[in-house]
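Take a look at the structures below.
Look at the two complexes coming up: subunit A is in both, with subunit B in one and subunit C in the other.
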Partner chain A sequence: MLKVLENTVPVACWSCSVAHNESTLFCPDCSKIQPPSSGDFFSVFGLEHRLNIDLAALEQEFHRLSRRLHPDRFARASENEKDWSLADTALLNDAYRTLKDPLRRTEYLLKLEGAEMGVSAAAPSDAALVQNQEKIQNQQKTSRVPADLLGEVFDLNMQLEEMRMARKMGQEDPELKESLRQAKEKFVGLVGAVDRELRAQWTIWDGGDAAARQPAQQAMMALLDRRKYLSNLVRDVTEILGD
Partner chain B sequence: MAYSDKVVDHYNNPRNVGTLDKSAAEVGTGLVGAPECGDVMRLQIRVNPETNVIEEAKFKTFGCGSAIASSSLATEWIKGRTVDDALSIKNTDIVKELSLPPVKIHCSVLAEDAIRAAIGDWKKKNNVAEIAPPAK
Partner chain C sequence: MAEGHVVGIDLGTTNSLVAYMEGDRPVVIPGVDGSNLVPSVVALDPITAKGGRPTVTVGNSARKALIETPERVIYSVKRLMGRDLEEVRTELKFFPFRLAGDIEAGEVPRIQLGELRFTPPEISAYVLRQLKRNAERFFGSPVTQAVITVPAYFNDAQRQATKDAGRMAGLDVLRLVNEPTAAALAYGLDRAKEGTIAVYDFGGGTFDISILKLRDGIFEVQSTNGDTHLGGDDIDNLLLTIALDEIYAEHGVDLRAHPGAVQGLRKAAIDAKIRLSTEQAANFDIELPNGDRYQREIPRAVFELLIEPVLKRTAVPCKQAMADAGVTPEQIDEVVLVGGSTRIPAVRALVDDLFHLGARGKKPHTELNPDEVVALGAAVQAGILAGASKTTDDMLLLDVTPLSLGIEQLGGTVARIIQRNSTIPASATEHFTTGVDGQTNVAIHVLQGERELAADCRSLARFDLKGIPPMAAGLPRIEVRFLIDADGILHVTAREQRSGKAAEIEVKPTYGLTDEQVENMILDSFDHAEEDFSRRLLIEARNEADTILAAVGRAPQNPAWNELSAEEQAAIAAARDRLVLIMQGSDLNAISQAMVALDKATRRFAELMMDAAVSSAIRGKTMNEAGKEVNDAVSAPHDFAPAEFK
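Right, the complex of A and B next:
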């Protein structure tokens, strides 16, 4: 009996006509390869939308499916099946890369669930420029860097600039370097805190109904924004410290 | 993507870069940031307490050319205006003046926010009631 995933629709196998979940790479009934579908990455692995996933099982399934999709296995298959094995491999790789990474997985799921990240989902085509600006402006307001960090971020940037200037003059200020090291440590710690909060929201989202998921999605978007900002800073400091 | 000549000009010769005394009563400081690019902008104003005219404006921006140009232009525009008049500056005015492409519009939003933040800080310090900007 087919277990229908909540995030896919059942489609009929091209060969045996038995229904299976969209994005299933092989028919569970006749084992024939299926054409790549427009289903989502979760369903490629037979998963429903969840943020807490078993990474070991995901990796195992990835290897198992990769082997089954290997072109050598389709040497005597029809042209269609040969093409599908390549396209399915590409889909499988994309799906695996996205799902195994906690941040990409979160971003991807939020996108699937209709939450807008960063850039507007609606393409700003030929609509009036002013309207677009207002739209973008409204989005900006929902994705601000928390005021609690602005002062520190600004000071850190000042120190980075000072450091770069000193470098240019061939000077090295050990005190400045030390204070940058401390700042880096602090910001790395803040990234860790964001990751812990993110995981807490995963669990709320996974276990919640639509009403509980909404605030969790908002919280995750804010956390991803904050994380992006913090890791950019850490990257800059790391670069200049050269360690 | 090419920057417009005006952006390049402000980037190469930024006007009014610097710092004002944050603790002075007549100085308002606005510190704003945009998460997608990591830009941070500090804009400061010194206001004449008699006339409410912004006599001096300084900025320091860490960010791309458009962010620097937007804040540089903002300081030029608010100098000599009253605080309420300065609040009427819209990010769309900056976009037009600098011919910013859509992907850089957030830089102009940041500059507008910085003006508002600086004026807000000054008003708070001086117990000036928050007046809604005139509707356009």
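Right, the complex of A and C next:
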């Protein structure tokens, strides 16, 4: 059964009236599906806020809950139960998709912990269009070049431009290609280094108290920014090399 | 509430089928002619019923009308489902149908069929109704719930149109299932396999590739990709175009001006394509209106060269699907082939190459009939939903959305909110605000697709968030929740958070029918009336018998009749007399069996007549004398299935 982490107000089961905790997916007494609660992605799996996760156990729990919650199990149930099953399964799927991916998981947890993921966007001036604040912040964030890589990124962009021009003229410069390959290798290595640092910060965060967590959060935010930037570069180079 | 059977329906571009779970195995339900396949062809009867609308026929008999009255027949309508006017116009270049004249942009296109006009979902509804009736005849009880399959790469509008068609046919569509996933269910039933499988589904009009992980009865789709505009039809059109061009160049005859002749030539092209799967060469030998003969041998090597560009188009989605699932060809344990076009040897060679099968000593799975496997899988899913079978109790399908969902933002770019290949149901919550002081409306444009610019994606809907309390610009916080349900269809709800007021939301699909329009298009509302069901079946069976008998009555006037032996003629007469006798009684099964017997007896005659019809249509002669109704036996690419009646 689902573990309940927080002490929540008991509510009565809609079907059998037995009281249970609000965040329970099924009534412990009659097993009927309950109206969706407002838990976060970790609580869906009965997990505490932790960055190191046992992925095999997560998958197993995902499959176990899917078997019980999926709309296929409620095809002939009442309209209410159908709606709850749909909402619960969407939450379960969203939670699994987020938690199984190390980067999404880190981002999500940082957001839960109230990390400021960027500065507020200016109010939109065009009345006809809608601003989507979060997206704009993300775009601003990923265009920031890491300070220690300014020189190398500049060189790489020059080479990419050169390669594009050569391609347009139908020419291949093997030397340029080789140099880009080496650059790619280097940046792939840097991504790997970021991932290792990120994991180290996970452990600090998971094991630390509030005082230790604060600097770990700051470090992780910077690492995520850096990683986004690096993987965009790697993607561009891969695209041009065609491999 | 009494709950009857839940059937599984494969609503195909070329053929459609209905199946159900008989105990622990899926079985296809044959039509009254004993055939498992119902051609997805709908025709308006040339004889208008007095006062009312003309009768609509579906399946083999409708297909025969293609040559006699091509302007009253429609096929491959699946290619038009959920598409807008512009797309339908492009599509129709290859088909003989006409759009109704006075359609405005934004309206669901209607096809002119004789003196009437139909939306694509209505045409599909006629096919579905035929399948529903076949199942009802088979069970002897009403069928109201169904699972219908759709190409995995169908977008929201195409899925909605399919669901609408089900409703018009009087079916409660419990679930839309992706075709490749359904095929995986059918294959996964008897083998408790674990591992990663790829389903390569190359049908009449669509191509899909899906990669699934199987574990403990859970079928978890990892990724899916495809092309809803790629299928056997494209190969037919290629052969047809070449033949038309050659006929024009060599004989100065433009057959394009004769729709009936084009249909005859299309049939010859399809026959040639099918023959080339087993033989090294196929021939066109056709008499032209000016008396010339168009003779052309197509060696298999030439055919393969010709279709290579079409086949190659299936490779890109396969590679993308593998990349999205994060697997290499070597990590794919099994490959399943689905769809009639996978019978082509060149397609099998391509699949072998794409997934490195031969190199690993593996072969693709073709054990289940590629024409039937999707319907069988739909029946398995129907069994899962009905919860009635022990076999399907442990099975669960976790499918994905094939296309990313996004919102148009400043500058015409798309902000992605749900990524493609997300397990469904999936949801996303986004926050919006206003741009000017006191603004009470916000317009949101939802798109589906992978491109960066809104203009390049498929417009799904425009939402108007209304009734936002007047506040300073940027202050309102409107929470919009997007939910893709288990059918892959989008739902939207909105709430203004600062005032706590639920914003009124007006959903206007960019294309598609409104609820009210669908209600008005529901076929035979009498289907729901409290009438005696078996009586209705009996009346229908007698009507059908009358039609068949009338056609047989005309048979001796057809030149093909004289080609039959005296024994064959006597056998037909005996079967006819038996049906006349039995249909006076009220034994439904006996009448059905007598009809099947007569159908079998006239099979060779029908073939002879069809051959004559094809060549005379190409010569431009009319077929007044050709029988109107005898059940034909054209080119069904599989053996005649014996009829089963309980």
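Some points to look at:
Going forward, the second predicted complex is superposed on the first by the 183 of 243 C-alpha atoms of A that agree within 3 Å, B and C clash if a C-alpha of one lies under 4 Å from a C-alpha of the other, contacts with A are read in each partner's own complex, and residues count from 1 in each chain.
Note that a residue touches a chain if its C-beta (ideal position, glycine included) is under 8 Å from a C-beta of that chain, and two chains touch if they have at least 3 such contacts.
As the structure is a prediction and not an experimental result, all values here were calculated from the model.
By the touch criterion stated above, A:89 is placed in contact with subunit C alone, subunit B being left untouched. Legend: residue contacts after superposition of the two complexes on their common chain; A:153 is shown touching subunit B, with no touch to subunit C. In the superposed model, A:67 lies in contact with subunit C only, and not with subunit B. Shared-chain residue A:211: touches no atom of subunit B or subunit C.
Of the two partner chains placed by superposition, only subunit C is touched by A:97; subunit B is not. Once chain A of one complex is fitted onto chain A of the other, the partner contacts of A:75 are limited to subunit C, with no touch recorded for subunit B.
Residue overlap on subunit A between its contacts with subunit B in one complex and with subunit C in the other: 124, 129-130, 132-133, 136.
Across the complex, subunit A meets subunit C through its residues 63, 66-67, 70-73, 75-76, 86-87, 89-91, 93-94, 96-97, 123-136. Only residues 118, 124, 129-130, 132-133, 136-137, 140, 143-145, 150-151, 153-154, 157-158, 161, 225-226, 228-229, 232-233, 236 of subunit A touch subunit B when the two sit together in their complex. Here subunit B touches subunit A in the complex through residues 31-36, 38, 40, 42, 60, 62, 91-92, 95, 102, 105-106, 109, going by the rule given at the top.
Listed in rising order, the residues of subunit C touching subunit A in the complex are 3, 174-175, 215-216, 218, 381, 384-387, 396-398, 407, 409-410, 415, 422-428, 430-436, 439, 442-444, 473-474, 483-486.
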